[in-house]
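After this come two complexes, each holding chain A, first together with chain B and then together with chain C.
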Partner chain A sequence: MNALSPLSQSFIDQHGDAEFTARAPWLDQLRQSGLENFSSQGLPTPSVEEWKYTNLKVLEKLDVSTSSEAAAVDPAELIWLPADMASHKLVFVNGRYSQELSEIGELPDGVKVLSLAEAMISESELLADNLGKIGSIENAPVLALNTAFINDGYVVIVEKAELEKPIEVVFVNKADASSSNHSRNLVVAKDNARATILERHIGEGDYLANHGFEVLVEGGSHVKHYRLFEDGAAGINLSTAKASVGKDATYDSFVLSIGGRLNRNEIHVACKEPGAHTNLNGVYVGRDSQHIDNTTQIDHLVPNTTSKETYKGALDGKSRGVFQGAINVAVGADGTDGQMSNKTLLLSDESEIDSKPQLEIFADDVKCAHGFTAGELEETSLFYLRSRGIPEAAARAMLVEGFLAEVVEAGVDEEYQEIFKAKISVWMEN
Partner chain B sequence: MLEIKNLHAKVGDTEILKGLDLTIEAGKVHAIMGPNGAGKSTLSYVLSGRDGYEVTEGSVLYKGKNLLEMEPEVRAGEGVFLAFQYPVEIPGVSTMNFLKAAVNSVRKYRGESEFDAMDFLKFVREQTKILNIDDDMLKRAVNVGFSGGEKKRAEVLQMAVLSPAFAVLDETDSGLDVDALRIVGEGVTALRSPERSMLVITHYQRLLDYIVPDVVHVLADGKIVDTGDKNLAIELEKNGYANYVEAAA
Partner chain C sequence: MNAAVSDTVDQVQSVEKYKYGFVTDIEADQAPKGLNEDIIRFISAKKEEPEWLLEWRLKAYAHWLTMEEPDWPKVNYPPIDYQDSYYYSAPKSSEDGPDSLDDVDPELLETYEKLGIPLHEQEVLAGVKNVAVDAVFDSVSVATTFKDALAKEGVIFCPISEAVKEHPELVKQYLGSVVPYSDNYFATLNSAVFTDGSFVYIPKGVACPMELSTYFRINASNTGQFERTLIIADEGSHVSYLEGCTAPMRDENQLHAAVVELVVLDDADIKYSTVQNWYPGDENGVGGIYNFVTKRAACRGKNSKVSWTQVETGSAITWKYPSCILQGDNSVGEFYSVAITNNYQQADTGTKMIHLGKNTSSRIISKGISAGKSQSTYRGLVKMMPKAEGSRNYTQCDSLLIGKECGAHTVPYIESRNKSAKVEHEATTSKIGDDQLFYCRQRGISEEEAVALIVNGFCREVMQELPMEFAVEAQKLVGISLEGSVG
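For the complex of A and B:
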C-alpha cells in the first residue's frame, strides 16, 4: 500500500471518531468497504487519468477533521422556486436532514420521499438491496469516501406511480469553521414511474460537500434529475451520480454549475436493458478562479440503447472548465445511438477549457458522434446585434445567454426552464 | 441625408472602394447595381460600421454628422439600418426578445420611453400583420431554421420596428422565390416615406419591379460609373455589365 497523503489520512482518522446515527450490520459493512477502498488509494491525484485536470490539493486548506455541525438557516434563503410552484421539499443542512425546514407533504400511493435516516427504519430492506449496488466504488475513490461516511441523504422511491409535483431538495452548507460532509442519496423508480427532482446546492464558508447519488430507473420509468450548483465562493462540491437504466426507461440529468471554488460533477449512466435512454445536459459558467469539472461516462451495455449529451459553458476571468465525456459501447450492443457535444465560450484570455471525448466502441452497428468546440463569440453575430442598436456589452450578454439557454431548453421541461435561465441571467449581470 | 465623397476602403490589403461619390436626398430611394466584386457589400458594411473594413480616404456625412466615427449601435440609434444579405442566426435568443432589446435600445438612444412587454407585443403585431409574418416566428430563435423568405421578411420586420431614416438593403432579393420577393418588395415599399431614404443594393433588376427607385447607379470596380433613372436598371438587365467592367478595367 502506498503511503497516504496527510489529507487522505485525516479522513480516515475522522472516520474513527465519527458517530453514525443510521445503524445496521449491512450498513456498517458497506461503510467499512468504502473506508477500505478509500484507504487503499486515498484521494485521487492528477496522475490518475480521470483526475488529470482537477487537482484536489485545494482541499488541503480545509480542516477536514471536523464534520459539519448543525447550523441555523434562515428559511428565506432556501427559496428558489416560483411561489406558485408546489413541491415535496427536503432540506439538508451540512449534510443532515432538517425536519423543521422540510415540507414533504402528501404523497400519492406508491411514492416514498424521506431522509435516509428514516428510510433505515422503514425501508431497510430496499436500502440494503440498492445502496452501494447501483454505484460501484471500484476506481471511484471519492465515492468510496462518501460510502465510508454514509449516514444521511434523501431517498425517493416511486413504483407504478406518477409524481405530479416535483421533489425539491436543497443542500445548504453553513460552515463557521472549515468542515466536510458526505450525503448519500438514493432514487428508485420502477414500473412506469415518473418523478422530477429539482435539487439546489448552496453554502457559505469553507466546506467540502461530497455527495453520492444512486439512481435506479427501471421498467419504462422516467426520472428527471435537474440540479443547480451555486455553492459559496469557498465551497468545494464533489458530486458523483451513478444511474442504472433498465428496459424502456429514461434518466434525464441537467446540471447548472454556477458557483463554488471547485465543483466536480461526475455522472455515470449504465444503459442496461434494451430501450434504455439517457439525456445528459449541462451548463457551466465560471469567473475568478473557479474550477468546474463535468465528467460523464455512458455505458451502452446491450443492444438498442440511446444517449444524448450536450454540455455548454461560458468561462470568464481565470476560471477553468473540464469536460470529460466517455461513451462505451459493449460487445454486441448493436443499435446504440450515442450523441455527445461540448461547446465552450472563452470570455477572457486567461480562462481555459480542457475537453476530452472518449469513445470506446466494441459493436459494429452503432451511431456515435461527438463534437467539441471552444472559442470566442462570433464577430458576425456581435455585429448583427450591434447594427440593430444593441450596445456591445448587452449584445455580448445576449449572445452568451442564448448560447447557454439552448441547453436549458433542450434539457429541462418547459415549466422549470425559467428557474435556470434566470440564474444564468443573474450571473451575466454580475 | 447621406453624402459620400471620394470613399476609399480596403479589406485586409485589398482596396475595394476606389473613390466612390454618392449623394442621397431625404425620401429618395437609390439603387446600386453592379457585377460581383464591384464593392456592393463592402459599401453596405462600411456604412453600417463593421470591423475589418478600413476607410483609407474620403468621407461619409449622414445628416451632417461624420458617420464613419460612430459605433454600429450609435449608427442604428441615429437611424441607419442595414438589411443583411445573409441574416445571422442567433441560437437561444427568441426573435421577440431580440426585437424588444433592439427597439428599446434605439428608443433609449433617441430619448424616447422604452416599451414594456405588453405595449411592445401590440406594436410588433401591427407590423407582423402587414408583412404576413406568423406570430409563431417571434417565438423562434432569431433566424434559426428560417427559410430564405422568412429571413428576409424578418429583416424587413426589423426595419419596420426600428423605423430608420436611412436603410441599406443589401441583396435583399437573393435567395427569394417570386412570391417571397413580392411580399418583401411590398413590405419595403410600404415603408417608403418623405423622411426615409433607402439604398437598395442588388445584382438583378427584378427587385426593382417591386421597389421602384428614384435613381439608379452602376457600381463597377469600386466606383460609381453611371447614374440614371429606373430605365437604367432595365437596360442593364438586357445588356449586362460587360461594358462597364471593360471600361473600368
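For the complex of A and C:
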C-alpha cells in the first residue's frame, strides 16, 4: 500500500475529534467501516482506473480537512424556483440542516421528509435497514470518506403515496477558510410511490462538499431526481449517488453542472428486478479552468431491465469535461436494452473532453449501444442561420442552446424544464 | 442453394478442426532453458550481432527486470514462469544458413507445404502465387523467396538477423524508434530476446511489385517465440505485407511476444494484413498460445498512410493493439479487425490512433464475435492532440454474441483537445437475430451453416479489406472457429 497523502491522513485524524449528533451503535459501526475502508486507500489518484481523468490533487492545496462551521445565509439567495411553484423545502448550510431556512410544510399520508438527524430519532429502524446497504463503498473511496462522516442530510420516505409538490433541497456552502462537509442523503420509495426532488448546490469560498446519496425505488415506484450544480468558483463538489431499482420501478436522474472548480458526479444504478428502468441525463457546461466529471455505471442484473442515458456538454476556455459511462449486463440478464450517448461541443482551442463509454456484456439476448461525438459547431448550420440575417454570435448561441436544451427536454418534466433552460441561457450570455 | 451459400458450406466442410496442429520432427538447436544475461549474450553471439545491438538487448533486459507484468487487460491466465521456457530454438540443419531452398531441411519444406505455403520459387514462378515469402520457424527465418526479383527494384526483404549484418545503418536508425525498448512489459522482453523476424525496406518511389508475406510457426515445445518485424516505407513507396501464424497442438501454453514496427515517410503507404491462427487450445481451454504482441506504426511523413487489417481466430489469449501515430500532416490510419473467440479463448484487442498532425484521419472498424465460454474485449484509444487541426476519426465497434456463457466488452477511450477535430464513435452489441436464423432455416440451410453465413456477413466490411490471398482463408476460418458453437 502506498503512503496516504497528508490530506487523506488529516481526514482520518479529524475523525477522532469529530462530534456526531446522530448516534447509534449501528451508525458508529457504519462510520467505522467507512473510515477503515478510506484509511486503506486514501483519496484516489489518477492511477486508479475510475479516476484516470480526474485528479484530486487540487484538494491537497486547499487543505479542506477541517469541518465547516455554521454560517449566516441570506434567504434571498436561496430562491431559484418560480414564485408560484410550491414545494417542500429543505436547506442545508455547510452540510447541516437549517430549520429556520427550511419550510417542509404539510405532507400527505405515507410521506416523510426530514433531516437525517431527526430521522435518527423517529425512523431509526428504516435508516439502519438502508443506510450503507443500497450503495457499497467497495472501490468507492470518496463515498467511504462520506460514510466515515455520516451525520446529516435529507431523508425522503414515500410509501403508497404520490407527492404532488416537488421536494426542494438547497445545499449552501459558505466558508471563511477552506473546509469540508459530507452530507448523506436517503430516498426510499415503495409501493407505487411518486416523488420529484429538485436539488440545488451553491456556495462561496474554498470548500469540499462531498455528498452521498442512496436511493431505493421499489414496487412500481417512480423517483425523479433533478440536480443543479452551481457551486462557487473555488468550490469542489464530489457527489456519489447509488440507486437500487426494483420491480417495474423507475429512477430518473438529471444533472446540470454549471459551476464549481471541480465537479465530479458519480451515479451508480443497479436494476435489480424485472421491469426496472432508469433514465440518466445530464448537461455540462464549462469555462475558465473548470473540471466537470460525470461518471455513471448501470448494472443490469436480471432479465428485462432497460436504461437510457444521454449526456451533452459545451466546453469553453480551458475547461475540461470527463464522461465515463459503463453499462454492465450480468449473466442471464436477457432482454436488457441499454442505450448510452455522449456528445460534446468544444468551443475553444484549449478545452478538452475525455470520454470512456464502456459496455461489459455477459448475456446474449441484449440490445446495447453507445454513441460518442466531439467537435465544434457544424459550419453548415451556422451558415444557414447567418444567411437568414442572424449575427454570428447569436447564431452560435442559438445552436449551442438548442444542442443542450434537447437533453433538458428529454430528461426533465415539462413543468421544471424552464428552471434548467434559464440557467443554461444565463451561462450562454456570459 | 445459391452460390454464396454453397461456397460457405464447402468451405466449412473442406477444413477439419485445427489442421495446423501437427508437430514437425526436426532436430532443434536450443539454448538452455531460462532467461538471464548469458542467454541474451548467447542469442546475440548466435546471430553474430554487432556490439551495439547486444548492448541494446542488455539495456532492455535490465529495464525488464524492473517492470511489472500488466494486469489491466480483461484476460485471466496463470502466472507465466519466464524461466521455464526456451528463448532460442533453431532447426539444426539451418545452422549455417541455407544458400538456396535445396539446402533447406526437406521436412521443414514439408511443414510449409502442409501449411499451404509453397516456398519453391519455380512453383511461384509457375504462377501459383505471386507472393514473396519469408518463413520463420521457431526462432529463425528458414527461407525467403523471391529475393532476386525484389532486389532488382531495390526492395530489401530479408530476415532481420540478416539485415543487421547487411544493412546495419538502416536497422540502427529505425529499430526501436517506434516501439522503444522500454515501451511495455512484453515489448521490453522482446527487445531483450528477439530472435528473428522480417525486415523490409522499400526505397523512394517504389511500389513493391508483389505482396510480401511472412509465415510464423512455433514448433518446438516449451519455446517462446519473440520475433521482431521492421518495415520502412521510404518517400512515395507502397507495400502490402501479409502475416500468418500457426502452431502445433500442445497441452502447454506457449508465449508469443512479438514486436512490429512500421515507419512510413512522406506520401508512402503500408498495408499490413494478419491472419492469426495460433493454436487456440482445446475445447476445455487446455493449451494454446499466449499472443501478447505490440504493433505500432509511425506515420512520420506528410500524406502517409497505414492500414492494419487483422483476422484473429487463434490463440488462447490475444492481447494486442495495432496502433498508428499520425504525425505527418494529412496522414491516414486505418484499423479493420475481426476477432473471433470460442470455447475458453480470451481476446483483448483494439487499436490506438494518436493524432498529432493537421488534417489527419483515422477509421476504426472492429467486429468481435464471442461464442462458447469465451470473452472478447475491444479496447481502444483515440486521441486528438492540440495541434491536430481539422482531424477526423470514425470508430465503429460491433459485437456479436453466440450462446449464453460468453462475454463481449467494449472499452473505448476518447480524448479530444482540439475543437476543430471531429470524433465519432458508435458501438453495438447484439446476438444473431432469431428472424435472421429463421429466414435461413426456412430456406433449408442448417443452423451451423446459417451461423457461418450470418457471421461472414457481419464481418464483411473487414474481410473485403483483406488481399485476395487471405480473404478466402479468412472466410474459411470464420466457419471453423465457430464450429460447435450452436445447437
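Please note the rule applied: the second predicted complex is superposed on the first by the 428 of 430 C-alpha atoms of A that agree within 3 Å, B and C clash if a C-alpha of one lies under 4 Å from a C-alpha of the other, contacts with A are read in each partner's own complex, and residues count from 1 in each chain.
In the analysis below, contacts are C-beta pairs under 8 Å (C-beta built on N, C-alpha and C of every residue); 3 or more make two chains touch, one makes a residue touch a chain.
Given the structure is predicted, the values throughout are model-derived calculations rather than measurements.
After superposition onto chain A, partners chain B and chain C are found to sit side by side with no clash.
In the overlay built on the shared chain, the residue A:365 is in contact with chain C alone; chain B does not reach it. By the document's definition of touching, of the two partners only chain C reaches A:355; chain B does not.
When the two complexes are overlaid on their common chain A, residue A:381 makes contact with chain B while staying clear of chain C. Chain A has more of its residues touched by C than by the other of chain B and chain C. Of the two partner chains placed by the overlay, only chain C lies in contact with A:347; chain B stays clear of it.
Shared-chain residue A:399: touches chain B; no touch with chain C.
Shared-chain residue A:390: touches chain B; no touch with chain C.
Judged by the touch definition given at the top, the superposed model places A:373 against chain C, while chain B stays out of reach. Contacts of A:49 after superposition: chain C is touched, whereas chain B is not reached.
After the two structures are overlaid on chain A, the closest C-alpha atoms of chain B and chain C sit 15 Å apart. In the complex of the two chains, the chain C residues touching chain A come out as 72, 384, 386, 399, 401-431. Residues 48-52, 71-73, 75-77, 81-82, 84, 87-88, 90-93, 97-98, 101-103, 105-106, 109, 141, 158, 162 of chain B touch chain A in their complex.
Put simply, chain A touches chain C in their complex at residues 49, 331-332, 344, 346-376.
Those residues of chain A that touch chain B in the shared complex are 378-381, 383-392, 394-395, 398-399, 401-406, 409.
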